[in-house]
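You will see two complexes here that share chain A, one where it goes with chain B and one where it goes with chain C.
Presenting the complex of A and B:
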């Protein structure tokens, strides 16, 4: 990894250099009932509106890569009576996107999505085309009370970004991970970090580590989840869960979808549309003929935990959860990951 | 031809959303609900290049209506001249039911794992089907019959709700000519039904009792397809009779929207039914929570 430092006021110049592409960053979207600002990722028009000191955004940046609704293909039907049709595919990657100020959890989330969506036999080009056009600038964060990324090993990030910035007093300490980022920094008044800045950077890491409050005990979690598959505590969570799917919509790593085909009013065209779904929704695992493999709320909630914390671990040796805490923050039934996992871990030990 | 392991997203996408245009060339009603559709990939090169193994499935697309997975019921030697046994039960399948012959549909695949019929050579083949489970089972059956001399006993145990719901009735005589032991049982008899009435497991118990026990456990490779309720009872009986779990194969059904391990709807534990299945050996199934 290459490291550089540059004066803080230079950051607006970096923004200007990238401005020909569309810049997505954390913006203030409103205030909650306590008057605290609510943040979300959105298209930014000027540097001043970026809120790089944001705690956490309401939504992940998932919908820039996996839009909530997206056409997978369209069909045209020539009016020659042949019954023939023509299929067109558009990946929906229009302009290069710059992501300005992503926290390690969200960059790690993209890295995890890459494993499912880009590796293996059928890489998903809709995701891949958008991913290939993204320029990512990470920014260090201040842990929020609900963040448990440190438990999930996603509080730091080693790859998946072009540039990662940590503010130190009057300078930004920059980790450079791509040649494009390297050449951009050449246009700023950059220099090598000195010994003092190395020490300050490492102090900053230690200070940040001490700020985490929420945690999830992950040791032997895959085995415990298997052992406690029938634990009654799942049914208690199932009774609380509203099966609304909000957790999946705000989750940076949930990627499941459903497909609908729609015919235009004049019957000359049709679209195959994908929409992000949620395993908590009632018909997630229902099949033709009426059988539903997970008819009860608790079986669906349990499945969600099994996929994130067990199934994905078995396939990729890491959890699909990045510990961003958004699902718990947005859950109308106030179900949080640390509480659910703690209760499942406890259910075996209380006998 | 499909190109796999493509790195360039554009080329990969051509594969990802690619579907062969195929024509429904014939439709044979099998029962009041199920029909056998002959679906032929139109381009001769694509048709010839379409290679599958018994047990694999395709995604069948009716533009503007929907897309759904269907297991292939025809023999692999027919390549892209496919036969699909389809019950009219949802929007897509009712559409097919109405459209019939001449309709042009999209086919993508083949997807998923297969029944390892070549590895089963020299063995007794036991095919056990409940209801519509005979549809995915017909492909390995035909593949076995095409190389009949390479296998020992071939038996089919087939359970249906009633005699009028039996599928592929017109083929039973041909199967028997190939030396297939075909035993059928129904839940409810109808007038003129000469066969037994009861559960599929009763047929299996008879088959196990009827042979030499040592032969059965050493020589049997079993393929089991049916509604979820069938698996546990049938597979438990096979295991009690000493058939190794690695030689018992099941084909699982799940909701699917892509067939390519991306929509996550068919996920069970760490596996996707579309990529790691639909054919699993029973040992793998036992290790998957809520698989059956």
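Presenting the complex of A and C:
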């Protein structure tokens, strides 16, 4: 890894250099009933509106790579009745996207999605086309009370970005991970970090580590989940669950989807449309003939935890959860990952 | 799916498609759902090309009783409407309940909240002789083949449903609640703004129309097939939303009548203790 430092006021110059592409960054979306700001990733029009000190965004940035709805292909049928239909596929990657100010959890989330959607046997070209056009600038964060990324090993990030910035007093400490980032920084008044800045950077890491509050004990978790598959505590969470799919919609790594075919009203076109779905929704496991493998709320909620914390770990030796805490924050029933995992771990332990 | 007479010039992938004869009817309603269909200039001609409309009071003078599909808007609030509805059922191959009034009673059923309907009649109409009874959905009197939810209906959804009907495809309603569509629009949750919202229990399909305009959902499309009302009620109470306010919302369109009845019974019993 290459390290450089540059004065903080130079950051707006970096923004300007990247402005010909579409810049996505954390912006203030509004305020909640108590006046606290609410953030989301959105297309940014000027540097001043970026909120790089944001705690967490309401939604993840996955819809820039995995849109909530996306046409997988469309068909056109000639009116002459000849039957010479034509198929079109559009990967939906229009302009290069610059992500300005992603926290380690969200960069790690993209790295995990890559494992499934790019590095698997059947790479997903819709995801890949958008991913290939992304330039990612990471930014260090202040852990929020609900963040448990440290438990998931996703509080730091080693790859998956072009540039990672940590503010230190008057400078940005920059980790450079791509040649494009290196050449961009050449256009700023950059220099090598000195010993003092090395120490400050390491101090910063220690300070940040001390700020984490929420945690999830992950040791032997796959085995414990297997042992506690029938634990009654799942039913308690199931009674709370609204089966609304919110957790999956805000999750940076939930990629499950359904596909629907739609025919235009004039019968000259048809579309195969993909829609991000959630395993918490009633008909997620419904199959032809009408059978539903998971008709009960708790079996669906459990399935989501088993995919994140068991199935994915067995396949990739890491969890699919990055501990961003969005699902718990947006769940009206206040179902949070740390509490669910702790309750399952506690199951059977009191005998 | 029932088949229609093949009177169409349309075809899809070489298969000729029927152009069903369709009639629109209105019982007690504002006819706003029917107006929604006419309100769609961009695709109106395509929509009309799918169907042979033989009766549509909002858009034509002619009226025939020779139809295969009947779209019935409104709730039943009079004796003569019951009779009319049974005649429609006898004629139509498919009866479609169009809009919240037809599906659940709609805003009309709010009067059912009052125990003394004679008093309601007196308050509203005075001494004017009006035949009126408890407002009920179509399904209280006849078998309904298909329900199209919403107050008003969403025209894009009607177009999709009619296209599926003509193609002979299964008509699918979303099985998930409004939250899914609201999150897909990345709205700020109404609960974060301190507002009540029935999005977590209401059937989707409206594209989170109201929440996207910062109005909490009033449940006009009725409950999603899995609606955890007990939990949502507890959540709202925890957030300091009064029972009266919650009931106003749940009772507005009639879709949650079962839960409301249970709740009132339960609370009534608590009150007696």
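Here is the rule we go by: the second predicted complex is superposed on the first by the 347 of 351 C-alpha atoms of A that agree within 3 Å, B and C clash if a C-alpha of one lies under 4 Å from a C-alpha of the other, contacts with A are read in each partner's own complex, and residues count from 1 in each chain.
Going forward, a residue touches a chain if its C-beta (ideal position, glycine included) is under 8 Å from a C-beta of that chain, and two chains touch if they have at least 3 such contacts.
Note that the structure is predicted; figures quoted are calculated from it, not measured.
Chemist: When the two structures are laid over each other on chain A, do chain B and chain C clash or fit?
Modeler: fit
Chemist: So in the superposed three-chain picture, is A:188 touching just chain B, just chain C, both, or none of them (first/second/both/neither)?
Modeler: Neither: A:188 stays clear of chain B and chain C.
Chemist: Which partner does A:52 reach: the first (chain B), the second (chain C), both, or neither?
Modeler: neither
Chemist: State whether A:333 touches chain B only (first), chain C only (second), both chains, or neither.
Modeler: After superposing on A, A:333 lies in contact with chain C but is clear of chain B.
Chemist: Quick check for you: in the superposed arrangement, does A:262 touch first (chain B), second (chain C), both or neither?
Modeler: Both partners, chain B and chain C.
Chemist: Which angle, as a multiple of 10 degrees, do chain B and chain C span at the CA centre of chain A?
Modeler: Result: 70 degrees at the vertex chain A.
Chemist: In the superposed arrangement, does A:83 touch chain B (first), chain C (second), both or neither?
Modeler: Both partners, chain B and chain C.
Chemist: Applying the touch criterion given at the start, work out whether A:342 contacts chain B, chain C, both or neither, answering first, second, both or neither.
Modeler: Neither partner.
Chemist: Taking the superposition on A as described, I'd like to know which of chain B and chain C A:63 touches: first, second, both or neither.
Modeler: So A:63 only meets chain C here.
Chemist: Tell me which partner A:282 touches in the superposition: chain B (first), chain C (second), both or neither.
Modeler: A:282 contacts chain C only, not chain B.
Chemist: Going by the contact rule stated at the top, is it chain B or chain C that touches a larger number of residues on chain A?
Modeler: B
Chemist: On the combined arrangement from the superposition, state the nearest Cα-Cα distance between chain B and chain C in Å.
Modeler: 5
Chemist: Which chain A residues lie in the overlap of the chain B contact set and the chain C contact set?
Modeler: The overlap between the chain B and chain C interfaces on chain A comprises residues 77, 83, 85, 260, 262-263, 286.
Chemist: Which part of chain B faces chain A closely enough to touch in the complex?
Modeler: Those residues of chain B that touch chain A are 4-7, 9-10, 12-17, 19, 21, 61-68, 87, 89-90, 93, 102-104, 106, 227-228, 253-255, 257-258, 260-265, 267-271, 275, 289-290.
Chemist: For chain A, which residues are in contact with chain C within the complex?
Modeler: My answer: residues 29-30, 32-33, 38, 40, 58-59, 63, 68-69, 77, 81, 83, 85, 239-246, 249-250, 260, 262-267, 276, 278, 281-283, 286, 297, 330, 332-333.
Chemist: How about chain A: which of its residues touch chain B in the complex?
Modeler: Touching chain B: residues 72-73, 75, 77, 82-85, 87, 89, 91, 116-117, 120-126, 128-129, 132, 226, 229, 255-263, 270, 272, 274, 277, 279, 284-289, 291, 293-294, 299, 303, 306-307, 310-315 of chain A.
Chemist: Could you please specify the touching residues of chain C with respect to chain A in the complex?
Modeler: 10-14, 17, 43, 46-47, 49-50, 159-160, 162-163, 167, 172, 175-177, 179-180, 183-184, 186, 188-189, 191-194, 199-201, 224-226, 228, 231-232, 235
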